[in-house]
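Below you'll find a set of structures to go through.
Next come two complexes built around chain A: one with chain B, the other with chain C.
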Partner chain A sequence: MKTNQEQRRFIVLALIPAVVLFGTFYILPMLGLIATTFFEWNTIKMGGFIGFDNYLKMFQDNVFYIALQNNLSWSLVAMFIHIPLALMVALLLSKKFRGWKVLRTIYFLPHVISVTAFAVIWMNVFNPSFGLINSVLKMIGLGAMCRNWLYDQATAWPAILLTWVFHVGLYAVIILGEILSIPEELFESAEIDGASGIKQSFHITIPLLRNITGTCVILTVTGGLRYFEGLYIMTNGAPNYRTETLALYLYQKIQLIQYSYANTLGVALLAFGLLFVITGMKLFKLGKSDW
Partner chain B sequence: MNSEIFKNKVIKLEQRPKRSFSKFIIGLLRWSILLFFAVMTAFPLIWTLFSSVKSSQEILTSALSLPKKLHWENYVYALKVTGIVQSYLNSIIVTTISILLNAYVSLLAAYVIARFRFRGSAFLMTLFSIGILIPINSALLPIKIIMDNLRLSNSLIGLAILYTAIGIPISVLILRSFILGIPVQVDEAARIDGASLWRTVWKIIIPMARPGIVTIMILQAIYCWNEFLYAIILIALPVKRTLQIAIRFFLGQFFFDYGALFAAMTLAIIPTVVLFIIFQNSVVSSLSMGAVKQ
Partner chain C sequence: MKRVVLLVIVTFLMVSMILPQTSIFGANEVQLRFLSLQVGVHPEAPWLEKTVNDFNALNKGKIKVIIDGVAGDQACWEKLRTDAAANTMPDLFTLKADRSEFDVLAQSDRVVDLNSYLKADAEFKKKLNDPGSLETYTYKGKLLGVPYAKAYVGIYYNKTLFAKAGINSFPVTWDEFFAASDKLSKMGVAPLALMTGENSWTSALMLAHLIGTSGPEGLKWLQTSPKDQKFNTPVFINAVKKLQIMLNQYTTLDAIGAGYGVAANNFLQGKAAMIANGPWMIGSFSDPKSAPEGFEKKVGYALAPGNGVIAMENVAYATGSKTKEKRDAAVKFLKYLTTDDVYAAYLSVGGAGPCFQTDLSKVKYPAINQAFLPLAVKAKNQYTIVPNAVKPAVIDALAQLLPGLADKSLAAEQFAKQIQEISDKN
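Take a look at the complex of A and B:
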């Protein structure tokens, strides 16, 4: 049985790199993350076992709730505004009128520019003295509405949401790809039945996009939970923790050497993410094919 | 049946004049929506471009006007102060190493998972599927400690290895579904001809799974190029900063020289924009393919 032996050797050797890397940078960190939350660890050296103290502390921490609330509102805006807008743009582009490719390219640009670079650009857009928004407001005679958008407690978080909510290019492109792969005959038969363009969209296209829309919802929610650099650059949690998120707060706690508390926040982030993803998968019945 | 189609066509023709007004309204609505999104995207970028050739004085006094005189010295100054060339190189090094390594490691794993049943194969699949869902930023501290202990911190190669690992679950799952689409008979034919499994992967699977490999390489490249959190916590030496980290330091470097800041931002974004415009068709098609294949 030489082939069998050769096959076994191949399986082991081919899997080793992936398994070692996955073990080192996924499994080990996750186990470490959860285990260390039960210990005191506010210096370089780890201290003694403290049970659930970190979790109790987290549930009494006001900033944690602000961060959680921000993550939640981000996820909801992503699900109920961002993705529907992307769907709408994809449906409009799918008519393939003259110039649709140019528009697609423009919509996609923010996704090839790094978040970091765009964050600096947004800081300039929101800048109180020469920023784009205040300049436009002054020009159209609404100078009274000018404010320091990113540092005003009332507008800081909405301003952050504004930096990405209209940049629908990535998901529009993904959904568009799916729309264009829908068999032409479905539309032809609808056309024969006399269905108008809008009716076709609502009765044929949108139901067929359940799977891909669900995937996009999950991608955008997990992407939002991962989002860090923009906030770190634009506000770093200011003003008065208004723009704190779990990822940012966790990073700030590491900088303050509150290691085990940082990891507790990491567990919260992990739980929040998994909860949202699983709900999303259930909601959209992902993984089941339509045709 | 034929007459029915004909009847419908006739009805349509009759309706046309009545409908043209509502068609016009729908068209107007469509274009205003599409243009709104285009403006939201393009305006800040065009504004950045124009501001990059203005003097700081001009930016402060008339932010919306076109530049009166082109201040190219902003660019000269930005290039001199930021060390942007070095950080560009660093980002290119990390991204290149990582996409190659990630493709190699993931392809082998995906091939084994797609083609062989062995003890633990289902478990491995489950692990990778969960891996996709994990927000890896939550493990920032444990990963930093692991990297420190492996002496991979402060090293571009270390960063590339970490990014490779982070990309493994998604790459393996995408490649696996591409490999499942290749008929098994193709590899069996190669095996009967006496090719080893390694040779089969190299000569048969790589050419046939090429669209999948391109897809994961593009996804991995976008991830590596933009990654910020691990880069900022693992790289302390200024000469090893990746582009994203360098951009973060621009803010402090220019203080009130806004023209030069805008110039530095333009330098940071132009190359990827140009690359995207050249390769946009393959980027766009592979992105939609990758998402579907998951």
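Take a look at the complex of A and C:
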């Protein structure tokens, strides 16, 4: 009994520094952020209490819906294209064919390059005068299809998604790590029972990757919600707000000294993120063991 | 012995920490922090450094100005804005006339009102005698800065490209301007260096020229206060229609989404024949890192078609000091900035127009500006920049809407309607 009490006391004591730091640097600012949304704050100094005006303004703001829609489409692409692609790459690499380590490194390379440099590379790929895409189109006689990919309203957002969706290296490596930790005996038994490689993947590997896949989905979606630098450099929300996201829109409002409205957008971003994390955790039953 | 030495060191350090301003080294020396972007490769950096050093030498042991340099307009503005929010204003700083910055600082109530210093010093008051400049930096009766630079903004053009296209002189009407643009275009040169990214600077300058030279209504439009501005008006829509032609037919392909650097580079490398910009660009024409050798000889500077020029207040110097002692010292520095030699050196670097009485014979304007300034001063239509006539959110929205205007997915009327909505909501 005494040992239990001592253990509890030790746990509480050990947790205190983390809780204090988390509270000071995350919870308090977050509460402050929420509180400021109820005040007018369009100059250097904060103004008076305005209740839910900022929230009403947000729900009447067309750009907010475009940003939300883009965040949502980013999340869906993350769930249904980005992570499945990472899973496929991981499954392929897990076969450990000749040169798999080299390929794994190549897939991972984009994550080592800075986002800024990457954005500049993509701007050059999409450049209307000398960009790679337009040059190739002209070369193969499809010059009529040339356009300003990042600034055409129809292609701007798909072009932005394209700059990111194939960068699956990080998640492929995470999933691969999990695949390699699955006990060999399971595959050996399946092989004795006559299961093919594909069947083994579908009936053993993929079901056992539920936890890690869920984690990757949550990581990539929340990463997408926070993604800012690349968008800021490539289009800054243009043309006509087609490439706007909540994180970017929030920053633009800060630049316009609309602090409390920017914070309201921050609250929306927080709510969207929380909703997604909670749904994702439930959907993928995260934390429950399959072993 | 070791203990004694240690005790002396610790005591010395503690005393110097407690009494940093009134230490044994400099009795009552007032230190002033000067937040400035005129550092590093900024063309005015050598001028500022020399000015500060000379002032410090003159006031040795009494006042010391220390430059707190932040390179880049945006970065420096963000630092100043943060200082204002934290109530840690610099003792000296550049106050821009740009309404999006000036209004924020003026409303913050953190900038020192200089009126009492003007009242106390008849000489200083007499010197600052340009009512237009003083009005620009006055907010609710408070004079918040010493007006320092006024810029006349016309259109730079590449004389060599003009000659190759068979254009003998810069167009004086907009019809001639578009005819000349056609000739340049047929020659395979983009007539204009425009941009729609960042604050759409060069495009917004062309918009100001189009509005300002459209007649009295245009001049009135540019004088209207941002909160009362109307965009669903013929004067604005007609100017936007012409800007649409420029963006659609007469600029480089990379202008859409481009920042200032791209537009400037297109002009400096001879890819575009014209660019609307101010005297601060003159230095880059002869800078081997920016332009080919001898480029400055190819450049002419002209009024906008319709005998127009942007006459804009550019910058003032201001103080945010909290204590009287520091305020007095800061104002002493501001007065020093208005002395003839210091001011002449400044005007000679940037080619800006004066904002107060000074001996202009000491100013050595760059050659391009020498021919242009007399024309600019006498221009029939003088007007301000678009950012002074609209809300900051509207300027922000230009980057969003100009690409649509350029590819014609947005008509001028729709553009005006959307801008009006943005202005109303912000």
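Assume the second predicted complex is superposed on the first by the 268 of 291 C-alpha atoms of A that agree within 3 Å, B and C clash if a C-alpha of one lies under 4 Å from a C-alpha of the other, contacts with A are read in each partner's own complex, and residues count from 1 in each chain.
Note that in this section a contact is a pair of C-beta atoms (placed from the backbone, for glycine too) under 8 Å apart; a residue touches a chain by one contact, two chains touch by 3 or more.
Here the structure is a predicted model, which is why all the values come from computation and not from measurement.
Novice: Which partner chains sit in contact with A:Gln258 here, chain B, chain C, both or neither? Use first/second/both/neither.
Specialist: second
Novice: Should A:Thr43 be classified as contacting the first partner (chain B), the second (chain C), both, or neither?
Specialist: second
Novice: Could you let me know whether more residues of chain A are touched by chain B or by chain C?
Specialist: Result: the larger residue contact count on chain A belongs to B.
Novice: Where does A:Leu283 make contact in the superposed view: on chain B (first), on chain C (second), on both, or on neither?
Specialist: neither
Novice: Give one of first, second, both or neither to describe whether A:Gln153 is in contact with chain B, with chain C, with both, or with none.
Specialist: Once the two structures are laid over each other on A, A:Gln153 reaches chain C alone.
Novice: I'd like to know which partner A:Thr235 touches here: chain B for first, chain C for second, both or neither.
Specialist: After superposition on chain A, A:Thr235 lies in contact with chain C alone.
Novice: Is A:Leu142 touching anything from chain B or chain C once the two structures are fitted on A? First, second, both or neither.
Specialist: neither
Novice: Just chain B (first), just chain C (second), both, or neither: which does A:Ser129 touch?
Specialist: It touches chain B and chain C both.
Novice: Is A:Glu178 contacted by the first partner chain B, the second partner chain C, both or neither?
Specialist: A:Glu178: touches chain B, not chain C.
Novice: For chain A, give the residues common to its interface with chain B and its interface with chain C.
Specialist: Chain A residues touching both partners: 129.
Novice: Along chain A, where are the residues that touch chain B in the complex?
Specialist: 6-7, 10-11, 14-15, 17-19, 21-22, 24-30, 32-33, 36, 85, 88-89, 92-93, 103-117, 120-125, 129-132, 135-136, 139, 166-170, 173-174, 176-178, 181, 192, 194, 198, 212, 215-216, 218-219, 222, 225-226, 228-229, 232-233, 247, 250-251, 254, 259, 262-263, 265-267, 269-270, 273-274, 277
Novice: Under the definition above, what is the set of chain C residues touching chain A in their complex?
Specialist: Touching chain A from chain C are residues 81, 84-85, 104-105, 107-110, 196-197, 252-254, 256-257, 392-393, 396, 399-401, 403-404, 407, 409-410, 425-426.
Novice: Touching chain A in the complex: which residues of chain B?
Specialist: 4-5, 8, 11, 26, 30, 33-34, 36-38, 40-45, 47-48, 51, 59-60, 63-64, 104-106, 108-109, 111-112, 116, 118, 124, 127-128, 131, 133-146, 150, 161-162, 164-166, 168-169, 172, 196-198, 201, 222, 225-226, 228-229, 233, 243-244, 247-248, 250-251, 258, 261-262, 265, 268-269, 272-273, 275-277, 280, 284-285, 287-289, 291-292, 294
Novice: Which chain A residues qualify as touching chain C in the complex?
Specialist: Of all residues in chain A, those touching chain C are 43-45, 57, 61, 127-129, 148, 150-153, 235-241, 252, 255-258.
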